[in-house]
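Look for chain A in each of the two complexes below; its partner is chain B in the first and chain C in the second.
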Partner chain A sequence: MQDLKRLKAKIANGAIVCCECELQGDITIGSRTVIHPRAKIIALLGPIIIGENNIIEEQVQIINNGEDAMVIGNNNVFEVDCRVESKKIGDNNIVESKAFVGRQTSLSNGCVIGAKCEVLVHETLQEGSLFYGSGPDVKRRVQSDKPSAQGAQIEFLSKVLPNYHRIRKPLV
Partner chain B sequence: MELEDIFFSTSEYVQTHTGNKVSRQSTLCGSQNIILNGKNIIMGESMIRGDLANVRMGQYCILSKQSVIRPPFKKFAKGVAFFPLHVGDHVFIGENSVVNAAVVGSYVYIGKNCVIGRRCILKDCCMIADNTVLPPETVVSPFTVYSGSPGHCIEELPEAMQDLMIDYTKSFYQHYIPDKDASGVNQLSIASRK
Partner chain C sequence: MTHLFKSEKVQYLCTCGSLKPLCRTFFCRHCLALKCGDCVFHEVDILYCSNCLENVPPGEARVKKNQCSECFECPVCDQLLLTRATNIQVPSTEDPSKLVPKKMFYLVCGFCRWTTREAGLPDQPSATGSWPDSDNANSARVAALLEHYRSLAQLDKFEKEQKRQLKRRSNYLSFTADKYSLSALAARKRSGLPFSGSLGMKKETPQIYKVESAVAFEETDDMLDPEIFTKVLNLSFVTTIDQRIRQSERQPVKSEDLIPIHKFLSVRRSQRCRFCEHNLSKPEYNPSSIKFKIHLGAFYHVPDVIIFRNSRDDMQLRLCNRSQYPTHVRLLSLDQFSSIAHSKIEELESSFGEAEKEKKSSSSMVGHELCESPATQAANFRSCLTNALKEKVNAFFQLPSEQILLPARDDLAEYELTAPQNLKDDPKAVLWRKGNKVVVSTPLTVLDDELEEKRAGFVFEFGAVRAGFETKEVQPQPTNVYIPVFISLGKI
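This part shows the complex of A and B:
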């Protein structure tokens, strides 16, 4: 158990991970992923593998409570103060501010979890599903459009964030 | 109806010469781009993202614990940028709120746990109730109260909202005093009575 805490996160070349974020445990971060300060990625027991081109904003908590690996795909956006414990997240998803995705839920591709929605269903969400509303009446529907890519924002952040924050050095 | 004194430990806060009381546990990224006009209170573990764009706050603004003020993102024809964020005077932002708005007017009350979406415009003298979610690009008219998810106007505010917010924020600022001063004041008043 102590070994897990001493593990350094494996950060690919081109990922922008601010020093002020909290990384604990066995974490792999793909290239061109941006992690804002004050984000928390905690791999308590099992590892967390994050793909490329993701944006993880501040106060986001990505926590792996279980022993199996938590896999997050590419091009996802995790907005401010959301909480993700889901074991598998695909590509192109958006988890909006203050949302909560439970352990039993898996996001496929193109899903949007609206602001302040708590999604605890025991299933793998259909592609393009969308959760909205808040509190007890969280509704769901399926959308056919894919959420837009954030490449431009990632490029901008890659130029701006290093000017104001210390960036963790890539360690493959 | 006076507000109660709220004490904070002097070691935890920094007081600037313009009267801003900034907590040491708050995160002000890009502080050279953040302008606090005076007599603001930045509490607890709040964050102001000045590194993304300029943030300007007026006087007597109160930013409660764990709230986040963050400039919104905008796609222009020539590229992308983060939009500067202007917050007016006498604004109260409740705990745990996320403010992604483009403009926050003056005399605004934002409740706890709110999510103000991207590029929202909050005009003067409006109120956002606790736990509201405002979708992106909402324009909140003056003298309205927005609540719910997505936020809708639920009632209107009296014209006295401006005076109410001025009173509230000024007295909140005056009653937000450091621990040492409070004990000093008590001893003086006891001595004068004798």
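This part shows the complex of A and C:
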């Protein structure tokens, strides 16, 4: 078996991945994705495939514990200090600060996991579902408004982050 | 730091008999007694919105149903709603073919991301004040019923007045009418005619507001939809009971009927001594200010007792005086206090007899007189004694017998390099002294060694200045105040 730690992450052109973030294992990152410093993307056994236009902020832990691939779609936002172990995440989702998405949950499109919510349900969440509340009191509902696109934020980060952090070179 | 002052170990006995830590009590400077939150009057000072900090006088608040007109709450999760703006293109007024950007506003909840668009409410062109209010379908009927019952109440009152007038006047007239020939009145009364308007009863009989009586129907408006038995219910489109009751006028069943709720106003309260009706705590008018106009916290008037060292052999207590005046403090055991109290009660009751000669009843005395009257003071001593004796103690302190001077609080004392005053203290009793703080040695004798929680008590005697006497020439004389203190020593 290949020594997984030796593998370098495949970073597409246009992705802004800071040097100080921790990338371990077989990771593919799509273009225009911004990964802040201090993020941790750890593919222990299986690979992680991250799509385009995502924002992964500081202290985020994206961990793939199982052997099959973990797929993250496009236009997602992972806010500060959240923890994602879910196998499949679609598009346009928002995982807010300090939230935790468990291994059995899969996010479809347009979902919002509110701050400090722990979502461990064994199901694929309905489109546009929303979790809010905290502790044992997490409530869910379906929202009709889709979360807005983060295009402006991504552009801004792409210009500003390289001024202050070293960026990893793209490697296809 | 709050732990240091808010200790539950040292508790003071309030005039109502409850034990409270010092920081939770007030000190009424007229009654010279401790008052806690349970024995004061709480009054509504002013109403304000906790978001926009707008002061609303109570009369106006009643009209607005105690709700702020500008701020809204999310109907789903009860958090504040934020206003967000979007730009849309509208045809400009001058040239209909051109599109001009215009700002439209909608409300969104920061916690659960509910928006007014979900309720179907269109975006408003102005940021404030144009969101539609919930209108109650029954409000007209309720108003009519209220008017009807109000008119009935008025009629009742009028009839009562009439009866009273009749009763009063009948006696008067029977005595004087024949003597002074107020024959007109007497004649009218005898003939049974009603009194004329010249006697001041010009009011007409109030009319009753007529209301249609309610009609019962077999089928009501809010019948259950028969589809509920056939269709699968999607719980995310149904409101919870909490959400329904929060909007009690409309009580929407479907989630899409939830509309923003006006935020309720919060109350600023002022507290007043129950006995002498002086204010103990009164906040400022400005709702964002944390200061008080009047704040007679006991923390600043009564010396504070803290357990300095909690060991069985070498028990030490620290006394600290935070008021502006120096005081002489004496720590009395409960027996000593009861003898002092009894002698004072006798003294007051003898002078009580003299005051009775002046024919002053207690109900006519107000303020200073009421607080200082010997009857009140005797009653206070008695109740204090009975409350103090009710508390169970299983350990005793050996208290210093003489008075200890506690200087006033001096904020500049820490900057002074010279040594403080030379006070002659008994070195066995007073171990340490600095500024307005004194550490006193109080060896402990335990009654019952088996009980784990040890509790000791003593009575604190200190001099306090009664309010209302401060003139520039004369320094007011302090009076002795007695407050029982109970200390939970824990397991030692």
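Quick notes
Everything below uses one rule, namely that the second predicted complex is superposed on the first by the 170 of 172 C-alpha atoms of A that agree within 3 Å, B and C clash if a C-alpha of one lies under 4 Å from a C-alpha of the other, contacts with A are read in each partner's own complex, and residues count from 1 in each chain.
FYI, a residue touches a chain if its C-beta (ideal position, glycine included) is under 8 Å from a C-beta of that chain, and two chains touch if they have at least 3 such contacts.
Values in this document were obtained by computation on a predicted structure and should not be read as measured data.
In the superposition on chain A, contact is made by A:130 with chain C only, not with chain B.
Residue by residue along chain A, chain B and chain C are tallied for touches, and B comes out ahead. Contacts of A:38 after superposition: chain B is touched, whereas chain C is not reached. When the two complexes are overlaid on their common chain A, residue A:156 makes contact with chain B while staying clear of chain C. Looking at the shared chain after the overlay, A:143 reaches chain C, while chain B stays out of its contact range.
Shared-chain residue A:112: touches chain C; no touch with chain B.
In the superposed pair of complexes, A:20 makes contact with chain B only, with no contact to chain C.
In the superposition on chain A, the residues of chain A touched by chain B in one structure and by chain C in the other are 114, 132-133.
On chain A, the positions that touch chain B within their shared complex are 20, 37-38, 58-59, 80-81, 96-98, 114-116, 132-135, 152-153, 155-156, 160-161, 163-165.
Considering their complex, residues 76-77, 111-115, 117-118, 236, 255 of chain C touch chain A.
For chain A in complex with chain C, the touching residues are 112, 114, 130, 132-133, 139-145.
Within the complex formed with chain A, the chain B residues making contact are 27, 29-30, 47, 49, 51-52, 66, 68, 70, 73, 75, 79-82, 96, 98, 100, 113, 115, 117, 131, 133, 148-150.
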